[in-house]
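One chain, chain A, links the two complexes that follow: it is found with chain B in the first and with chain C in the second.
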Partner chain A sequence: MIRLSQERAKTLLAIHGWSAVFLGLLLYAVILTGVASVFATEIGDWSSPLPARVEDPFPPGTDGMIRGLAETVDPAFHEELFFFPRAGNRLYAFFHAHETGEDGTPRERGVAAEFDPSSGAMIKRVEGTGDDIEAQDDANALAHFMVDLHVRLHLPHPWGLLLTGVLGLAMLVAAVTGFVVHRHLIRELFTLRRRGDRLLTARDTHVIAGTWNLPFAFVLAFTGSYFSFGSAFGIPAMAMVAFGGDQERMIETVIGNPPATDETPAVMGDLDAMIADARERSGAQVGFVQVQHWGRADALVTMFMDYREGKLLGPNYVYGGANGGFRYTKPSLGLTDSTGSALFSLMSPLHFGNFAGVFSKAVWFALGFAGAYVSITGLLLWTTRRQAQRGWRHLAAATHAVGYGLPLGLVLAAWAYFGGRALGFDVNTAMMSTFLMTLAASCAVAWRVEALATARRGLLGATGLALIALPVLRMTSGGPGWADAFGTGLQTLVAFDIVVVLGGLFCLWTLRRVPQPATAPLAADDELDEAART
Partner chain B sequence: MSTDLYSAIAIAVSLLPVLTLALRDPKRLRSRRSAQRTAAASERRVLAVLALVPGLVLATLGQWPAFLIWLGSVSAAGWLLVLWLSRESGRVVAEP
Partner chain C sequence: MSSERRRLWSRVALAGPVVFVCAALVMCGGALWLPKGPAQIDNVVLPIVLFPAIWAGLFFYACLDRRLGRAWGVVSALALAHAALIAAHLLQPGAFA
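== the complex of A and B ==
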């Protein structure tokens, strides 16, 4: 054992506490933004609807839209094409070629366009790298802001993914250690004591939420880590070991769809007919389409289908691009069915909860909310019971600032999105600066006020009011009102407005609770746990 | 039958024994100093098995989307049920 002076031991203990709380708060941020990201598609549809409801983002005439765009695009970008529905069911198409960026990572460069599927009209056309195009995608910017915060905390590649991967592992560790530490999980499955000490109640509240959420904490943490580490570490490492660092070649080989090279020019087959055939074969909707080597004899069209009723895996179909003929059904990995491919494919539905429409998304939202609740109640319990000790007051303040300031920051980022779009500002800059300023203001509030409960009430109240006013801001900044929405078949817009207002009312409703002062703020962990067992 | 219908039926069937388990849970009632009858250990075991049966049926039928929705919904509903039952005493102190 290393001998330490009392002063040095205290310093190390403070570093230990700060680092643990810092990681915990980052994990809370990842979980909370993950909760919002469950409804990323709906957020995009709500924030940027087209003038009328689009029933089918791939209607007859899709072929004409894509073919028309292809004629105006530099043939160098015909190497690959993606097209899929985005915010408001716009049909988004991206012709591109692959290149290596200044930092040595692979990237795409090309031409992207958005279409209104109802009229076939091109809404927007942008050229540049994938990142350039993403930065100009105002329609999807609000949803993208939430998702990017969840996926990589808005940090540069690969650091953000590595950090969220580590946080996912930390969540796994927290779930396992929580399971082991709380030895009476089953016996206390229904016990939440409201009488007696406030800390005992807080402890029960945390444990109960954690216990009921335990299976999904494992699932979400594991799949989240998998996605983060797979992109940031797994793919580059595998490419380095087996493909001399060529990630494109590695992905083509693993995915198993490298088209045989034949550069002979050829007229593309009818995409409308391929889409209709894929729908008939699967009984499901098309989710995403990839075309390799547009306008060449070796062109391949891959249709990635949405989930079929009662299934967790959607089929993928490959068509010959030049003649439009069906070639084969393709697993996610390789060319024949395998357990590895099935497990790989299962990661998405298990993490995103998008396999059965709004029903499964609502359940995943509730489970994510429970996860965020567990993490923040754990941090509050941990810091509040020590706040009388030197240094811990700051940690308790930081926990309150992030715990209640982060939701406020996300809501005000949405305010900045609508306001920025109406005033002609860059919405991404507006959202990020508003988000950061809100967090800074939340910190100021938490550190300035004497009682942290007051900071909590102020931040939660502000979040509630901001949520209630959000639909009004959406409408006044150019979004359709409720009468227009009903008239154009956009009822989901109204439903989302109502959900947002209900969220605000819920925040205000929680303010009626006035926490009682703790009678034993310095109770040791084992004393509290002993009290819990009696 | 659709995934939504499978899920809804399974959730409803599971929540009945979960509710009974919660209402007669010995530890919960003891902590509230309640004189209500508690469930015996054997009774609790039977109720727990009954709560899990819908999930087993869905798994046997290969209705995996409905199984996941059932598992998630029962988890979330169980949590909310405990919060709701703890409020009966009328004194609310927990934060957040």
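== the complex of A and C ==
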């Protein structure tokens, strides 16, 4: 039990409640889309599979694919190359140069291509800035829609990142104050009163989910606000102070690979051999490859390896690009181990939960789902207690509109993706317009329907039905059916379909619950207040 | 406006925008006084990675210090010290050589 003076406990309780009231709905949106984004890779694989399963996105022959592309690319874009697996294990390669955009932020311009690693065939080739290329990336569009909503709520740079950064800080505050105001932490981990007052049961469920989730919420909030503020404002501000505003130079310095010294043209070493060597050294798979100065004597190839079993971090290997020889192992940042690099490297696995494959992702999904549940039930408890007052009735309606309308919007955006792709529409426009229209319709339902419980049933029921029908739409819009999927080794597609249908059935199952009474007793929140007084 | 209400708004202003600006200044200024570490990058990387912790520490201090004037004083002094450090660095000839 944490001992606090009555005055301080009250202050913390007020901060906990009001930070949730002001930012709770947006926070819920960020958490819920974050839950979906945990499986962004799997969503990409499911929505846009290649005709047959690709076991290895970097097979022997990768060198030929990349070399062939390099020959067709303007040498100005040989400044840097990335290649890594994307939806369906397509091999995505992006030759580019760095430039400064109209808004003064650094950006990349170049040529991107997607390959089918099984056949080595180029599937698609696009030119333009990084944003232009991303806008034409239909294969990853559904996953990207979810991730972009999570990362910046689809708002322009840097405002979206700044907003999600503030939301991350609000979640950090809610986690810390939640830890302190729930004074009987151990007891509350196991207290669920099922008999009697339904609101009290709802309050107990909120507290149990929130209490178990506190450490995870803290980690997610911390890492999330770091990611948002780091790129939106931390790097530019730090570059201004320490590097005279030169962000490129700051990134070069921090990453640690020495800058160019020799522009003499040189034939690149064998990438296949480098990939094989990196796999042998690490016992891990290659995750991402960066090549600096393709076709020059000072070319460097950096292999970022996936996580090894039992490790939170993967190693990075640097090779001389011109001769393919191994140069050195390096941490994520700098050329030798440091506290800064270790902390920086921990941020990704802790936020994305991708360090132990599907198992850790499932845990992150479940904990994230609990976080979304806590944020929305917290708001429902707060507004239910006050819904007799006119102003709070609007927040209650908004909570229902967003709480139940957002999942429906996300599922219908997936509908728009499959439908738009089959009909030849721009999938990004189709998803965004469907999503916004669904949110608008949800608001109309929540504000117009007399009883909010009816709005809840309608929106949740629609979400359940839309989820159940989604695999059918995927198949009828050109995706492989189950028989084809089994035949081509795409069993994960079937598994994902089943998970989607189970999600829909879960939504329908929750409808059996009788909604809370319209004029609820005040016991639940009073008890929370009592916690602060005792 | 009652004095109670004035104090509330003063604390909201301190814990909100003022603490945020102070945390940003501490982050940027940290690059100038933190040790660089073995890889010569800790002074740049650590303040960015730890920005949420800097902000949270200042936020809870600003909310919980019973003496509001002292809280204003501490946060302002921290912000001004770092602002002065940054200004001195930026005005130094050849600062980014």
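To be clear about the criterion, the second predicted complex is superposed on the first by the 492 of 534 C-alpha atoms of A that agree within 3 Å, B and C clash if a C-alpha of one lies under 4 Å from a C-alpha of the other, contacts with A are read in each partner's own complex, and residues count from 1 in each chain.
Everything below uses one rule, namely that a contact is a pair of C-beta atoms (placed from the backbone, for glycine too) under 8 Å apart; a residue touches a chain by one contact, two chains touch by 3 or more.
Keep in mind the model is a prediction, meaning the values are calculated, not measured.
Q: For A:Gly61, is the partner it touches chain B (first), chain C (second), both, or none of the two (neither)?
A: Neither chain B nor chain C is touched by A:Gly61.
Q: If you stack the two complexes on chain A, which partner ends up touching A:Thr11: first (chain B), second (chain C), both, or neither?
A: In the superposed model, A:Thr11 contacts chain C only, not chain B.
Q: Of the partners chain B and chain C, which touch A:Phe233 in the superposed model: first, second, both, neither?
A: A:Phe233 contacts chain C only, not chain B.
Q: Please indicate which partner A:Ser338 is in contact with in the superposed arrangement: first for chain B, second for chain C, both, or neither.
A: After superposition on chain A, A:Ser338 lies in contact with chain C alone.
Q: Contact-wise, after the overlay, does A:Ala356 reach chain B, chain C, both or neither (first, second, both, neither)?
A: First partner only.
Q: With the two structures laid over each other on chain A, which partner does A:Gly287 touch: chain B (first), chain C (second), both, or neither?
A: In the superposition, A:Gly287 touches no partner, neither chain B nor chain C.
Q: Looking at the overlay, what does A:Gly130 touch: chain B (first), chain C (second), both, or neither?
A: Neither partner.
Q: Per the definitions at the top, what is the overlap between the chain A residues touching chain B and those touching chain C?
A: On chain A, no residue contacts both chain B in one structure and chain C in the other.
Q: Within the complex, which stretch of chain A touches chain B?
A: Its residues touching chain B are 187-195, 198, 201-202, 204-205, 208-209, 212-213, 215-216, 307, 309-312, 349-350, 353, 355-357, 359-360, 363-364, 366-367, 370, 373, 376-377, 380, 403-404, 453, 456, 460, 510, 513, 515-516.
Q: Quick one: which bits of chain C touch chain A in the complex? Just the residue numbers, please.
A: Per the touch definition, chain C meets chain A at residues 24, 27-29, 31-32, 37-53, 55-56, 59-60, 63-64, 66, 86, 89-90, 95-96.
Q: List the residues on chain B that touch chain A in their complex, please.
A: Contact set of chain B toward chain A: 2-4, 7, 21-22, 25, 27-28, 31-32, 62-66, 68-69, 71-73, 75-76, 78-79, 81-83, 85-87, 89, 91-96.
Q: Spell out the part of chain A that touches chain C in their complex, as residue ranges.
A: 7-8, 11-12, 15, 168-169, 172-173, 176, 221-222, 225-226, 229-230, 233-235, 237-238, 240-244, 246, 250, 253-254, 256, 331, 333-341, 343-344, 347
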